[in-house]
Each structure stands twice: as structure tokens, then as C-alpha cells.
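Order of writing sets the labels: A, B and C. Residues in every chain begin at 1.
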Amino acid sequence: MGCFKAFSNFLFWYETPKVVHIRSKKVGILGRFLQLCVLSYIVGYVMVYNKGYQEFANVESAVVTKVKGVAFTNTNKNIPEIYRRIWDTSDLIVPPSENDAFFITTNIIITPNQTRGACSEDPDVYGALCDSPQNCIRGQSLPIGNGAMTGRCIPSDANSSVNVCEIFAWCPIEQDIFPLGTDRPLLEETADFTVLIKNFIEFPTFGKTFRRRNIMKDANKTYLQSCHYNQERDPFCPVFRIEDIVSFAGENFTQLAIRGGVIVISIDWNCNLDLDFLEFCKPIYSFRRADDPNTNIAPGWNFRHANYHEENRRTLVKSYGIRFVIEVRGQGRKFNILPTMLNIGSGLALLGVTTVVCDFIILYFTKKRMFYKGVKYLLVDGEDPERAPLQTEAGMTTYGSN
Amino acid sequence: MGCFKAFSNFLFWYETPKVVHIRSKKVGILGRFLQLCVLSYIVGYVMVYNKGYQEFANVESAVVTKVKGVAFTNTNKNIPEIYRRIWDTSDLIVPPSENDAFFITTNIIITPNQTRGACSEDPDVYGALCDSPQNCIRGQSLPIGNGAMTGRCIPSDANSSVNVCEIFAWCPIEQDIFPLGTDRPLLEETADFTVLIKNFIEFPTFGKTFRRRNIMKDANKTYLQSCHYNQERDPFCPVFRIEDIVSFAGENFTQLAIRGGVIVISIDWNCNLDLDFLEFCKPIYSFRRADDPNTNIAPGWNFRHANYHEENRRTLVKSYGIRFVIEVRGQGRKFNILPTMLNIGSGLALLGVTTVVCDFIILYFTKKRMFYKGVKYLLVDGEDPERAPLQTEAGMTTYGSN
Amino acid sequence: MGCFKAFSNFLFWYETPKVVHIRSKKVGILGRFLQLCVLSYIVGYVMVYNKGYQEFANVESAVVTKVKGVAFTNTNKNIPEIYRRIWDTSDLIVPPSENDAFFITTNIIITPNQTRGACSEDPDVYGALCDSPQNCIRGQSLPIGNGAMTGRCIPSDANSSVNVCEIFAWCPIEQDIFPLGTDRPLLEETADFTVLIKNFIEFPTFGKTFRRRNIMKDANKTYLQSCHYNQERDPFCPVFRIEDIVSFAGENFTQLAIRGGVIVISIDWNCNLDLDFLEFCKPIYSFRRADDPNTNIAPGWNFRHANYHEENRRTLVKSYGIRFVIEVRGQGRKFNILPTMLNIGSGLALLGVTTVVCDFIILYFTKKRMFYKGVKYLLVDGEDPERAPLQTEAGMTTYGSN
């Protein structure tokens, strides 16, 4: 019974803070100004700029790439015999398929028909030079050498004027010389290669309807076979010229092609799913070089791979080229009541803070601070309640006094 | 001394807002109701639904896959001679090892023993047809051609009734024809291939103890060799039949296998680490097709790769197939006092907001608003404090008046 | 006009809550203490520990790796003839190039010159053994078999004492035997291989200036060719010995090398961009084994790949080895006014909460609670305003009474 009364009391009594209403131009304006700041922060930044009324979810994506083109190097007479040939994508794209990336060979060093055996170490290898077999400990291999020493000291095949240790290795040893020297890549024609990037995205958080790809719905086959991506002219064509990509990334293709490098192709999908999906959710491509051209060790990007014609006979290929890494980023945004409520709530809570700041100012930094203290504060002595009420600083008597 | 007094004053004075306690059924219930809303939001959404009392950390993972199976195509007499053979995983999984992904060849076009030389361009290539050598500019290559033109115009090998430009290329040119036509894949038997997916996860944020794998601790070798994953019957078996995966993703294997595609296998680890780890932290698999079957250019997934039998002799393989991408997602949650405090705090702050809303209503939209204004507000004239106190709207005299 | 007046009223009136100022040691100290807790939480945790005054952005990264070394296995006489050879990186790194990962073969099983044909199934395959052709259904293949059965039952090549089904397969069938047995890997010398990890990072959110790599600016070529990473001695050398990495991950190289495994190399870039970038933003390397050595099925990491010497002749290689996965993590932090404001604001809002807690205590759990109620609350009857003001619990008359 008493319990019920307590509850009804609790239920039917409304609590609201007593508020002192001060008429004062200065203070009023100050207070309103601070509130305005907070309000504009909430509305402007939290709501509009940060989309506080929307729920966010990351994009999920799959990428499929297809490179097209052929390079023909017979025309140039400076090119060594072995490099005068036709190159198609199967020759130049290694590995043939990668996840969200592809590599195009732009410069190459081929060492055909290596077999396991004994031959002279590369004179450039530190420690390869010798004057007597003592320098070449059998079975040991040099730090960055190409094989294990046989223990013999023989004239170098590469440069017969010097003696080097003989090694067990894949012979002949690779001669690390660019076919066209260091100022032109062998496969400059790869500049004209094109890559078709098919990017499929979805926002599973918001349901099955939000799936699309980077090919516009009005694109027909002929268009896709002829178009080339261009930031201004054709920003939604999924076919990219290699040279274009490189220059969009702010690099010079010929320079980059000599020693290779890493280019990142970013596809951004920042979509407001409250608008028409297919109409307004479109990819934005950006390009940047990821590696550092000025590194002082092993600049660029290259790797060796071999074709094993027989168990004991291979062709060693050192491929320099451009690795393209495709990263798909972005977020989908959709209206949701919960974040909206949360942001409004914490915004209002923040509004209360302005009073704290404003009080601090008027209670300590204004001429009338005594007066304000007097009206804002009600002083009570908790030590002995029976005592007469205290005087306020403003010299006015407080509650209960008369 | 005075400084000390000021400090003791500051320390021994407690400030609490003066509160007006109004007995009113309507208003009381309104206020309580609003508070209830906020409370249920805090408890229900922030705490329970969003696990506001727990700290979150993403899962770290490593994936190892192993595909098993053999396909045998001698049985079918419609199959061209060259395609009648045994295929094992080394033939069909290209590249042999990938990070968090694997590719299974389901349809294939083989062009054996290509050599670099001169032969007739594929008539289907746009611009390959010619009536005179003038149409074929030596050294130039067609946009999507297979090589560089020699300058001669010769009858086509593929279709002798037409003349095409002769090209320097890997000859013979690939004939882009499916061994079993466009309604059946050559390697339909790959449907029965199985893949073992080993997924190792951990939550380093929460210490070394939280490491596990997707193989249950009670799984023995015989079970793992015989079981197949099935959402209902066997949701924790790490061995998947290829056809099953495809159908779980809502696709028809035979259809998909003809031109290939991309299937994403998601492994979700959303674990409450406050519960028993091995017991309750279990993977949930989901499957979806990532690429778009209805794209109007180069549908599906295929790529070319070559086996170089000699420097100048290769077998070109065009592989159509299914690329499986494995994505491991999920978060670990563990009780942590700090987020708990933070959420409770901001929740209470939010509670204060209800009063703002409620005041707004009773002060502007109730019959008794004048009365409420009178009791809630204390009007003071900050311009000339000496003046007599102001009248409140409620017609009652305010503080100090008597 | 009235509208204008209303606005000026709104503008020139300042609202501030009426505050009861109670002099009481106990209560005062309690209140201050609670405030102190919240303050220390805001300052200590939100601001200092969680860097509440800074904006965060994830690092963007590109990784380039280069493995160096040669292994020579002629020295050991226990090694079967075929495995006595020189191995260079092109032989041991498969695939030759990967994204953010590389694989080093540490143990290997080679089956040279396989051709497609008919031979006896591996007796270890479940179901391979037979006493009559009835056991071998033509065209069918065993679950984990190597080919499709011919229908004949013949003596096994591997072990002539038993009869097994003949199969169409790549013959001869691989014999799954380690060259050096199960307690030593063939390619133990790979322990001395080194890998150069070039990691380029940037924080695009904060502008172009924040780009760097994991090679220190004062590192010269000779240093980079000679140095080896070591947590204590040389924490910024980008060259790692394979054996070192494995032992840093807490594993024994020889043990790991036999069956292979997965090692994760984490590079952490947690940078305070308010400090000098090149000076203080440095990588921290950590190493861990990702796979589970105690798994009860297919432990370690291995895969098969083949070199096709001819269309119908290949060398099958089963590579056991260590897959190194490089993950680049980390965040850049930079001062930003907005998060700072936000955190201060919500902090102050949180301060208000202390009063709620404190009031709760003094109004319900202190001897003087009646008195506190009396001074804090102003009771008004909203039901009939005309009625005389109510008595407060403290027995004091409230506002307006006299």
C-alpha cells in the first residue's frame, strides 16, 4: 500500500530544475552566442558534414582484370638477337592471374638454356675474385653469390682478364645487363597495352538490392571495346591504357618502365544509398605510385622466374615491370533513426555545457558578479540547519529569510 | 592563508541544482515516459544490442587451402582428341598457391606447340580481313590482334574462304572454341572436387589464450577425411565439395563452370570471449557470387597462361574457371570497465535531455504554462539590480518580494 | 513588432539553473571526489591515453620483397641422387612473386618425367588394394586417388607384394617420401637465406608530406648489404635472415622446415604526426606463427606444382615450406580541433552526472536527507495552483510562503 503510494508519488511528480532568468544584454548575447556555436557544430559538423543521420557500412568488392596487347621488338636493330621477337600477354603477365593485382613486364633479362653444372662466378659478386684456389673454399657459397664454390680458381667467362672462383650453379650465370641499356626499356610498346578492370561491389548490410559494377548500365559492347578511361572525357570507362595510368599517377612511363615500380589504382565508392543507387553511386578512380623511386637499394620492382624445359635445363627470366595493385575502398550510407537520435541527444547534452562556460564567465569576470552569485546561488549551512540563513555575497537575504 | 580558505570553501561547499517538484499526473507521466524511452535505449540498444559493456577487437587470421580430386575426360566421345586425358589438381589449380584464394579450372582451351613465326590472323579480329597488302601495314598490330602484321595478305588458316593479314605471332593462333560448346563445361567432374580450408584465428588484443582454428577439437582424422560441409547436417566440417559451395552461393554449377566466375567464401568469427572460447567461438560460413553473370563484356573469369617447352615453343592454355576468394571477418568482444563507464555516463547525460524536451512541452503547450513558468523561472533584472523584483508571468512575485 | 520583442526577449534574457550551495564537509568532499574521478577519466583516459585531441587515419602501404641465397645439397651422401643439386631462389620461391607474401621451399618431393598413361595406384590410397578386377570399376576414381581406374588389378610398383587397381594417371605415381626422412628437411640451408623487405607507407589523409619507407634515411648501400635485422642490435635493418624470423616467432627452424608452416611478419606504424615524422615515425616488426602445429590433419603447409616439359611430360614437385605473410598495420595521429572539442564537451556533460549520483546519495542515505530535500526541492501542486504552497518534507515553508 505504502509502496504503491511511493510509486504513484514517483510517477505523478515531475522534476524540473529551477532556472534564474536574468535580463541582461551582454550576458544574454554571450549565452546565445555560445549556444549558437554548439548548435552550428551539431548541425553543421555532426549532422551535415559527418552524416550523423546515416548508418555506415563498408563496401564489399571483387575485382577481375584482363590485359590486352602485343609488343613487337624486331624493328629495333640495336636489340640483341635473342630479344627480337613477338611478346603477347601470356609472355608478359606473370603470374598469369593475381588477386586484386596484375604485373606487366616492361624490361627483361633472359638467360636461355641454363643447366646445373660448374662455371665461373660473376666477377661483380663481392668475394668472387681469386688468385689461388685457397680463396675458394669448396662447398661454401658467397653471401650474394650464384652458387657453391668448387674450390677451383679459373678465368671468368664474362671478363677473361680476371680470375674468379668456379661454382656449382645454373650455368651460364646470368649477365645482369639491360638489352637497351639504362635509359630505355625493351618493351616500351607495353605503354599501349590496355587493361579492363571489372569491379563488382555490394553493400550487404543494406540488403541484396545494393549490388552493382563499375560498368555503367548504358555501356554497350562496342563502346567498351573502343573507350579509354580519362578523368575528364570518360571517367566511367573501365578500360585503361597502361601509359595513362602511369601518367595519372604523376610518373613518366619510360622512366618507370626501365626498373619497374608499384602503382596503386584506388577505386572509391562513397555512396549515399538514400539517393538513386545506379544513378549516384559511381566509382572514382585515383592513381598513385606506392614505391619510392629514390630508394638507395634495389630500386623499382623486379623478380626472377624460370621455365623448366627439362629437369636440368631452364630459361631464367629476370622481369622488371610495373605491378598494379587495385584497392577498392568506400562506404555506403543510409538513413537510420538510431544514430540520428544518438547524435541529437548528445548534441543537446552538449548544449547544457554552454551554461557552465557562461556561468563561469559571468560569476568571476563581470562587475555584477556579486549580484549574479546572489541570484544564482542559494546558500545553506548544512552543518547546523537551525542556524539563521546565511547572507549572500550580494547582500541579499536568501530563502526563508524575512 | 586566504588561498587556503578559498580552497577549503571550494572543497567543503557542495553545489546542487535547485529543483522544482511539480505534482501533476499528466506532466509527471510525460516526464517518466520520456525517461523510460531513454533508459530503454541505453539498456536495450547501447548495452545489450551493441554490447556497450565490452571491448571490441578484430580477428587476425591465416588461411591454408588444399584441393583434392581428379577429372577423367576419355569417356565422352564428343570431346576432341587432345582434351581426352586425365586431369589432376596440378593441372587444374593455377596458380598452384595463392593467398586466401584458389582457382579451379572448369573449362579449358589448349593450343599446343605454338612457335614464334608468321601465320594468318584470326578472321574474327576487327580489321584482320584484307583484300590487298595495303590493308596490312608492316610492323603494326591491330587493337585486339594477336601479333604484328608482316605486310602480306594471305588466306586464313581457320577459314580459307577469306583473306586476312599475315602476322608475326605465336603460331598457330588460338582458336577460341570451347571443346564441348557453350552449354557444357569440359571439366564438369570438378564438381566433385573437395577443398580442405584450414583457418587459424586469434585475438591478440586479448592475449595469447584466444587462438583457435576452424577444425573442432573433437574432430579426428577419419571424420575429416569423410565429412563434407553442410549448413544443417555438418556446419563445422572444414571440407567442402566444390558443387556444394556453388549451390550454397545460389548458382548452378554447370552454368557457372562454362565461363567461370568468382565465388566468395566468408568465414565469420563473432565471439563473446567472456564465454567459453572453444565452446562458443565457432565459425559461420557463408557463400556468395561476387561477379555479375549478366555483364555485357567478357562475362565470367578466364585467363591465359603458357607452358614453355622450349625457348621458342609453348603450349598456350586459356583457363575458364571458378576463383574462390576466402575472406575471414569477425570481432572478439570482452568485458571492459572503461567502455561500460563511458556508456553509462553518456546515458545519464542523455537522461537530462528528457527534461529539456519535457519543459519545452509544458512551458509552451499546456494550459497551465503560465503557472509552470512562474514556478520554474525566477526573473531578475540584470540591468539595474536595485529595481524592484519583476513580476512573473504567473502573476506571482518572485524571490525577495514580500 | 511583437515578434521582434519576443526575439529581443529571447536574445537578452540569460537562463542559468538556480543552484543550492550547501556548506557541508562530508557532502562537499564526496562531490569533489566524484568530480575528480570523472576529470581524471577525461584527462587521463580520453585525452592522454586515447589521444582524444588527435584525429586518426590508417596507414596505406606497399610491400616489395626480395629473397637471396643458394642451397647446395651435394655434400650430404644420404640424399638420393636426384636431390643432390644446386638450388637458387628461382627454384625455391614459388610463385616467383606474390602480393605481401612470399614462400620459401624448405623440403621437397620431386617426381620427374611423369607422362599420362596407366600405372598402379598408390597402395596407401584407401580402396586401392584389390584381389580381382571387380574391385576396380573402370572410369571411376577413388576419393583421394591419383587417377581413374582402368578396371584391371595389377601388382603395385611401389610394393610388389600387394595387388592394386591400375589407374589412368600421370605415371609414375608420386611416392610421398621425404628425401631425408621426417626429422630433417632437405633444404636446411634455406635458414641462411635473407629477405629484403621494402615497405613504403603514407598517410594520405594528412597530405602528401607524410610518405616514408622502412629504410632509414641514413642507411647506405654497404650497410644494407651487410646488416641483419635484430630486435635489440639492429631494429631498423630491412634485411632478415629466415632462421631469425622463425626463431623470433618462437619456433624451431628445423622442426618447422620439415612440414612447413605460415609465419606472419607484422610491421606496425603507430605514428604521432605532431612530432618529427622521419625521426619518430618508425616501424616495429613482430613475428608470429599463424598456423597450428598440432592440427590432426595435413599439418604444415605444402602444395604441388608441375613443370610441363612437353604437352604430355611433366615434373611434379611437392613443395613443403614456409609461407611468410607480411601485414602492415598502424595509425597516424594528428592534432585536430574538432575531436578535441567533442571530447571536452562530452567530458563536461559527464561532469554533470556526478551531481546526479551525489544527490542520490545525500537525499536518500544521509541523516540530514530531509533537510537537503527541503532546500533542494521546491514543491508545487500542479493540480490546483490556487492552493496554498505545500510544506516541504523538511517542514520548512517554500517559495511564496509567509
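Just so it is clear, a residue touches a chain if its C-beta (ideal position, glycine included) is under 8 Å from a C-beta of that chain, and two chains touch if they have at least 3 such contacts.
Bear in mind that the values here come from a model prediction, so they are computed numbers and not experimental data.
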Self-contact between copies chain A and chain C, residue sets same or different by half: different
Copy-to-copy rotation for chain B and chain C - C-alpha atoms, rounded to a multiple of 5°: 120
Distance from the mean Cα position of chain C to that of chain A, given in whole angstrom: 17
Sequence positions of chain C contacting 2 or more other chains: 14-15, 17-25, 27, 95, 99, 307, 309, 346, 349, 352, 377-378, 382, 399, 402
Contact footprint of chain A on chain B as seen in their complex: 14, 17-25, 27-32, 38, 41, 45, 94-95, 98-101, 103, 116, 126, 139, 141, 143-148, 168-170, 262, 264, 288, 290-292, 295-298, 301, 303-311, 314, 316, 323, 325, 346, 349-350, 352-353, 355-356, 358-359, 362, 376-383, 385, 390, 399-400, 402
Of all residues in chain B, those that touch chain C in their complex: 10-25, 27, 60-62, 64, 66, 68, 70, 72, 74-75, 85-86, 88-91, 95-97, 99, 112-113, 196, 198, 200, 204, 211, 213, 215, 219-221, 224-225, 307, 309, 315, 338, 341, 345-346, 348-349, 351-352, 368, 371-372, 375, 377-378, 382, 394, 396-397, 399, 402
